[in-house]
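Please read through the structure below; I'll follow up with questions.
Going in written order, the chains are labelled A, B, C and D, and every chain counts its residues from 1.
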Amino acid sequence: MREQSDKFHEECAIFGIYGHPEAGNLTYLGLYALQHRGQEASGIATHDGHAFYQEKGMGLVADIFSQDRLNRLKGHAAIGHNRYSTTGDSVLKNVQPVMVEYALGTLAMVHNGNLINTDLLRDELEAYGAIFQSTIDSEVIIHLIAHSTEDRLLLRIIDALERVHGAYCLIFLSEEGLIGVRDPYGFRPLCLGKLKDGFVLASESCAFDLIGAELIREIEPGEVIQINEKGVFSYKPFPKTPTAQCVFEYVYFARPDSYIFTQHVYGIRKRLGKELAKEGAVSADIVIPVPDSGVPAALGFSEESKIPYEIGLIRNHYVGRTFIEPQQSIRHFGVKIKLNAMHEALEGKRVVVVDDSLVRGTTSQKIVKMIRAAGAREVHMRISSPPILSPCFYGIDTPTRQELLAANKNVEEIREYITADSLTYLSMEGMFRAVYHSESGENYHFCNACFSGNYPLPLTEKQLQLRLFEEGKS
Amino acid sequence: MREQSDKFHEECAIFGIYGHPEAGNLTYLGLYALQHRGQEASGIATHDGHAFYQEKGMGLVADIFSQDRLNRLKGHAAIGHNRYSTTGDSVLKNVQPVMVEYALGTLAMVHNGNLINTDLLRDELEAYGAIFQSTIDSEVIIHLIAHSTEDRLLLRIIDALERVHGAYCLIFLSEEGLIGVRDPYGFRPLCLGKLKDGFVLASESCAFDLIGAELIREIEPGEVIQINEKGVFSYKPFPKTPTAQCVFEYVYFARPDSYIFTQHVYGIRKRLGKELAKEGAVSADIVIPVPDSGVPAALGFSEESKIPYEIGLIRNHYVGRTFIEPQQSIRHFGVKIKLNAMHEALEGKRVVVVDDSLVRGTTSQKIVKMIRAAGAREVHMRISSPPILSPCFYGIDTPTRQELLAANKNVEEIREYITADSLTYLSMEGMFRAVYHSESGENYHFCNACFSGNYPLPLTEKQLQLRLFEEGKS
Amino acid sequence: MREQSDKFHEECAIFGIYGHPEAGNLTYLGLYALQHRGQEASGIATHDGHAFYQEKGMGLVADIFSQDRLNRLKGHAAIGHNRYSTTGDSVLKNVQPVMVEYALGTLAMVHNGNLINTDLLRDELEAYGAIFQSTIDSEVIIHLIAHSTEDRLLLRIIDALERVHGAYCLIFLSEEGLIGVRDPYGFRPLCLGKLKDGFVLASESCAFDLIGAELIREIEPGEVIQINEKGVFSYKPFPKTPTAQCVFEYVYFARPDSYIFTQHVYGIRKRLGKELAKEGAVSADIVIPVPDSGVPAALGFSEESKIPYEIGLIRNHYVGRTFIEPQQSIRHFGVKIKLNAMHEALEGKRVVVVDDSLVRGTTSQKIVKMIRAAGAREVHMRISSPPILSPCFYGIDTPTRQELLAANKNVEEIREYITADSLTYLSMEGMFRAVYHSESGENYHFCNACFSGNYPLPLTEKQLQLRLFEEGKS
Amino acid sequence: MREQSDKFHEECAIFGIYGHPEAGNLTYLGLYALQHRGQEASGIATHDGHAFYQEKGMGLVADIFSQDRLNRLKGHAAIGHNRYSTTGDSVLKNVQPVMVEYALGTLAMVHNGNLINTDLLRDELEAYGAIFQSTIDSEVIIHLIAHSTEDRLLLRIIDALERVHGAYCLIFLSEEGLIGVRDPYGFRPLCLGKLKDGFVLASESCAFDLIGAELIREIEPGEVIQINEKGVFSYKPFPKTPTAQCVFEYVYFARPDSYIFTQHVYGIRKRLGKELAKEGAVSADIVIPVPDSGVPAALGFSEESKIPYEIGLIRNHYVGRTFIEPQQSIRHFGVKIKLNAMHEALEGKRVVVVDDSLVRGTTSQKIVKMIRAAGAREVHMRISSPPILSPCFYGIDTPTRQELLAANKNVEEIREYITADSLTYLSMEGMFRAVYHSESGENYHFCNACFSGNYPLPLTEKQLQLRLFEEGKS
């Protein structure tokens, strides 16, 4: 059993470092700090001025990289990737970095995000003689670079990305150093840091904390950063567009101790809880979080509502890997494997339960029942984000529309389904009030397609069909 | 790197079940719920009326027991064990259950605790021709049973245990069913539960929650419980002594959602925090726990002191296994691998940090520095138990006296060592006020040797020498 | 699929060395040279004057002992064991050496052979309080030693072995050095060698060739050899009996390049072929061996008969491990996985096929068919030992009487079953003419129970019952 | 330690099957029978009309393909490959089959041989935008196919191969079936067989024997074979050239029970021995082979010379995998790990030792010493092929010229180096007399570049430089 979770799944983390004698080791540590963004597989590529080295494997960072493998990752420059499969099968050849030989030498690349016009590009590239060895859409970018007629890698990358639509943060490793790119919409985060004489790129700033690097700033949407022995150079080659940063990074994906999209995540999550307390006020004895993702919002809810914060659910810290569910009558432990309700804290209480989001509702239903079985008198579910109505096409592994509870039931029906005494979602305005610390609740820079169905990039025909088909069905 | 921790280490969990067709599977789940009591190795033995089956391995429960191995564990009766090595080397032959052939047939046993007179007994048994194949002291009990001249297993067990001194909870599996024993002092916990027509024994009640069993009661100190097809039978064959339950189970070992020694653990931990707030009052902006063990006491501290509870340290949930620390200049991550301080929550704040205990002080020092580096103005360390002065001889893996910070420094010196602005330990009276919900602070039923040096059982000559030697040194 | 073979299986190899700084490494090499005597599991125990070390595993020597494990096997004294399971289940705890703590300290032991009165001794020992942790009968010897009241190990070993009946070569490792024993009947071989200042014991002399040791002599039946820092001491404590060395060691078990029972094996095998040529003369074009065990006898047959020796069957050298037979229509490859018949050598020929023994007949049948399919005009099977009529109780893994082809069919029926044009077994007299280089064909010193049913040691009641039961059935 | 061998190393085996419901299983068995041609890695790709499946691994066939992996290899069509690395690093991504997506769909390919103009083609392809993900030269062929403008795969393959120079046997798997190709020079063998309604391709006919397929004929040099549901179709699209089949396949590579280049291998090897006996006559007591490769030639030598054939060297059958040589004083076992000399057969004898080839001479030196140490009076080395003077550029892993003993010493110097009493190589004429059963000794159809330095294909500049450089050095 993979960790069953009533959450969206993040797909990837990327990391890169240039100018440090232990680039491989530091990439290993960076990926370790970013493990929450992808647990399926990891890989690291390094360069030492002479040769390129690469190690990949399925599983967790700490299990893949033995001392031997780390020793083989020589060099002063490195990139790495944690993968949570969104496109491509779960096989080793799909694990990043992608490393190839092409006209200008060796090139390795890591990618966080999801492209939306790869089918078209793939057909076109194959017509020109391209062969594809993996099923990941990132391979298309490499082919576009290889087919570019520019004579410098930087120009080839820009050339290639002009053809590509979708969400991407990329780091390239070549003999010349690193090149980092964030797409013009800025869907996914990418930060720049400094460690002694070297420079570091990472999906989230929490990776810098572990290795002792200093956060300089974030790569801007549409920015291309070149890092080599001469320093860091910034380019803005793409036409300006309104940004569409993923608001769900704030809601759930990012680690609370990270700084992304110019703000600390933890503070926003607490404010989401405060807004939620305003919108979903209820008379209760205690506020408890669904650990660990609900903790900051529950604290915010408690502060705002003055209802005492309590620990009502205990998390088993040995979950997170494969767990064999015995195959007989005793089955379907689901959330019990991960959480246990504490009788002492809950008995006789009117309980507010705070979670960050509600996707399929199956886990929430089990949690409500578990809390009630532990003696709670009332169970009020509060969700610190709006109902999720639409799938994500920009790099997040979301269920189909049919599995999205809020796409098929109204709030009252959902409440009934999860058997709570009351249920409140945070409103869209409430969410953006928390994000912008303002009263307006308007959205300036963020993608909220999963809550609203407003996709910043036009959908492809295939995606439209999928959507219509699902709407027809539901 | 094993999880580095400034904690005592628990040694073992035991589990047994009789009268359920999936005894093996349920034991697996029970051990999984008790994983916090031992992560070094696990084993399960079962009986199906005809044969005995056994599977053992090094590592975590979820990694050891594949579907194949679980399928081989047939039968309606089973016992299991999680080991954190206290005595005996880390090799497979030392992993429990111990299973042997002897005059009355097959016998398997699991043991939680530590005996103090095994050396003597071992010499004596060897003089009678006994051979020892493991280095675990539990093997002595088996030999005493085999050498007993009684004709029934129950009587042989009682016979054997009359010769043994120390801490033990035991479960035996034979063709006749289970026999559970808790030593007369009651050092370690052992609970009795019911699941459908079957009965269950477990170190802590949290194991019952996972498998859906109902807690009936705890096995009493000195009680022998026989479980077979006719039901559950209780015996009290040993002379009555004052009990000496391990108070550290409340302080740190047990899971907060467990019920042991007739009380819920979580409630006691919160009260320890409240008492601590009374004794260690300080003017501050926020109270933060050292996750996860400090959480209940920090909540109690916050409730009592009215200082807001905050999350200041984020835990990386992928720690807990071996983690390779790269072997070069970047070293000694220590607690950084596990915890990160949140700037946003801590910046400019006067911070109370609550932890449950302080053993070597190395981790506390790093935590204080980390919090200060994240911008805290003041860092006040509060420990929800008294200073640890003496090693444990009853089954807990403690450092030697030289490594125990409080055995060698006074509180002010410790404060200086960990670089905190202030440091308060909970007093012995405060601890027992929390345990008994009373104002007296007197200790009636608990062993507090690690805090006081008062050992309920006389020390052996070897232990005395060790102690004197260490005192002479320190 | 384990290597399917129409052969008896040897059970064990033992090896010991004293007085060499690389005792562990040399034991590893010795076991490697003795791999043919047991491929199921191996183990090594060493002593360095201070501590004992032990490494064991399932599988082949070269797979079990990594560099790390070899490095841990420190010391100047070592013993080792290759196991082909005869008694006891295939689990790690049954892998030798057996190592125990007892009244005189640490004792490790390896055993090649099979005891016939262990059931009785086991009951008796259990009545005295002994516990058994493995299912191997060797454990009984250890218990007898532990229960002996003698004060020196040597005397305790002699004491213990006076109670034991059966076949055994033993090597003990203690703090005082090595003690080697060969049972009074001398069923199994044991050789003494010298390497620089150290002494070596091994089941066969081929182990000495690999490590560069010099063969001194064989341990005599009933001899006890003590090897320590003062040198080698010989004792003959047991009453003299007629010897009963296993003639099957010459027929099949021993490596042809070994010297055992005072003779070279290869020469005897060639003479077995020569005697066979006299007894089974036939008009034919070529003589081919069943590789590799039939090669020396086939050469002898060719020399005597003047029929040219040829290679007709090619062996696939990558067999010998587990081989997955695909589980569908294409099945039962059996011998085809191992052998292929060469059309060019066989086409149109009258072929004599020489094999060393014929147990179940299934392989022989497939070989005859394979040779005929390759174009042979006639196939004459010649077996360089007599028909096998009875199981072995002295340490060889033999099929039950029902599976022994010759116990249930006469020679003509066997010929028909294996579809050969003719079939000749070597006669008992022929075999002993080859063994003694004499015309008499009389047997002086060898056990031939498998060919004759004459057991040198009286059978136990259980074995008698088994035998009668089988005879009644067949 | 990899099997140390004083031999050339073969690089690859290929296998394909179309029209059998167990194509994957049969490919597994075919690769198993061809294991001698490559032990580093293996892979299988299959097609079931809907999807393609692929499994690869490092190591031996029997270790890589578990039942689970075989079950995943569904379909009626399959190709497989055993690899002995000649070009490309030892990593999984270099293991064949290569499987890609390109303009016409999915294409998988296996390759036995070595191309000589890949550097040039690679540069050219990269200039057209091609990216390379492996370091094997076979990837170039795939790119040429993808860049071809033909609209059918068959035509694209022909198109691509017109650009390629070197040695190649190829099998392609696509949705339409199999396409097999043998290069115009016919360097490497490729056979066509029939199994029920399906057709089979394999490097050597011994693979057909194991799966019960019937050998139809060999693919001719320059022939392209298409196998699909309509049957087998043959094309000869390439200009006719003189053939240059690898004579070393007869000397050493092929299994003796195979039929390749229109002849049985075993017969040729015996005739090589007979010719050798004529050229290298000597007065001696016995002829012994170096097992196992020298056996047929030794038998031929014995038949021709009338000197009796004997077994003087015993092979340890458990070699062939990694073997850890203990890292201390006892080192450099080399050939002793694999072979042992039999005193009884050799003592006092004048011995002719027959081996098939002599590359570096180190093994031969050890063998001569070993035979002499076993008591041989004289040791006469006879090699059943000419001295090896030049490296192979057509797919065989040969040492550099400096390591080739015969490129640097004359026969007398070599004799001295290996310490033999006499040494004779077979002459070139003798070799071709054996190959053609004729008295002329002329070479009509074979490549003998390694013996003569006459390369059938012009060398590239790089190879010429390498050659000159080495000549300058030596």
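Quick note on the criterion: contacts are C-beta pairs under 8 Å (C-beta built on N, C-alpha and C of every residue); 3 or more make two chains touch, one makes a residue touch a chain.
Predicted, not measured: the structure shown is a model, and the values here were computed from it.
Centroid distances from subunit C, each centroid being the mean of CA atoms, peak for A.
Distance between subunit C and subunit D, defined via averaged C-alpha coordinates, is recorded as 37 Å. Centre-to-centre spacing of subunit B and subunit D amounts to 62 Å, using the average Cα coordinate of each chain.
The distance from the centre of subunit A to the centre of subunit D, with each centre set as the mean of the Cα atoms, comes to 50 Å. Within subunit B, no positions touching two or more other chains are listed.
All chain pairs that touch, listed by label, are A-B, A-D, B-C, C-D. Within the complex formed with subunit C, the subunit B residues making contact are 92-93, 98-103, 107, 122, 126-133, 142-143, 146-148.
Across the interface of their complex, subunit D is touched by residues 21-22, 25-26, 28-29, 32-33, 35-36, 39, 60-63, 65-67, 70, 206, 209-212, 255-257, 259, 264, 266-267, 292, 295-296, 299, 303, 308-311, 314-318, 320-324, 326-330, 333, 336-337, 340-345 of subunit C.
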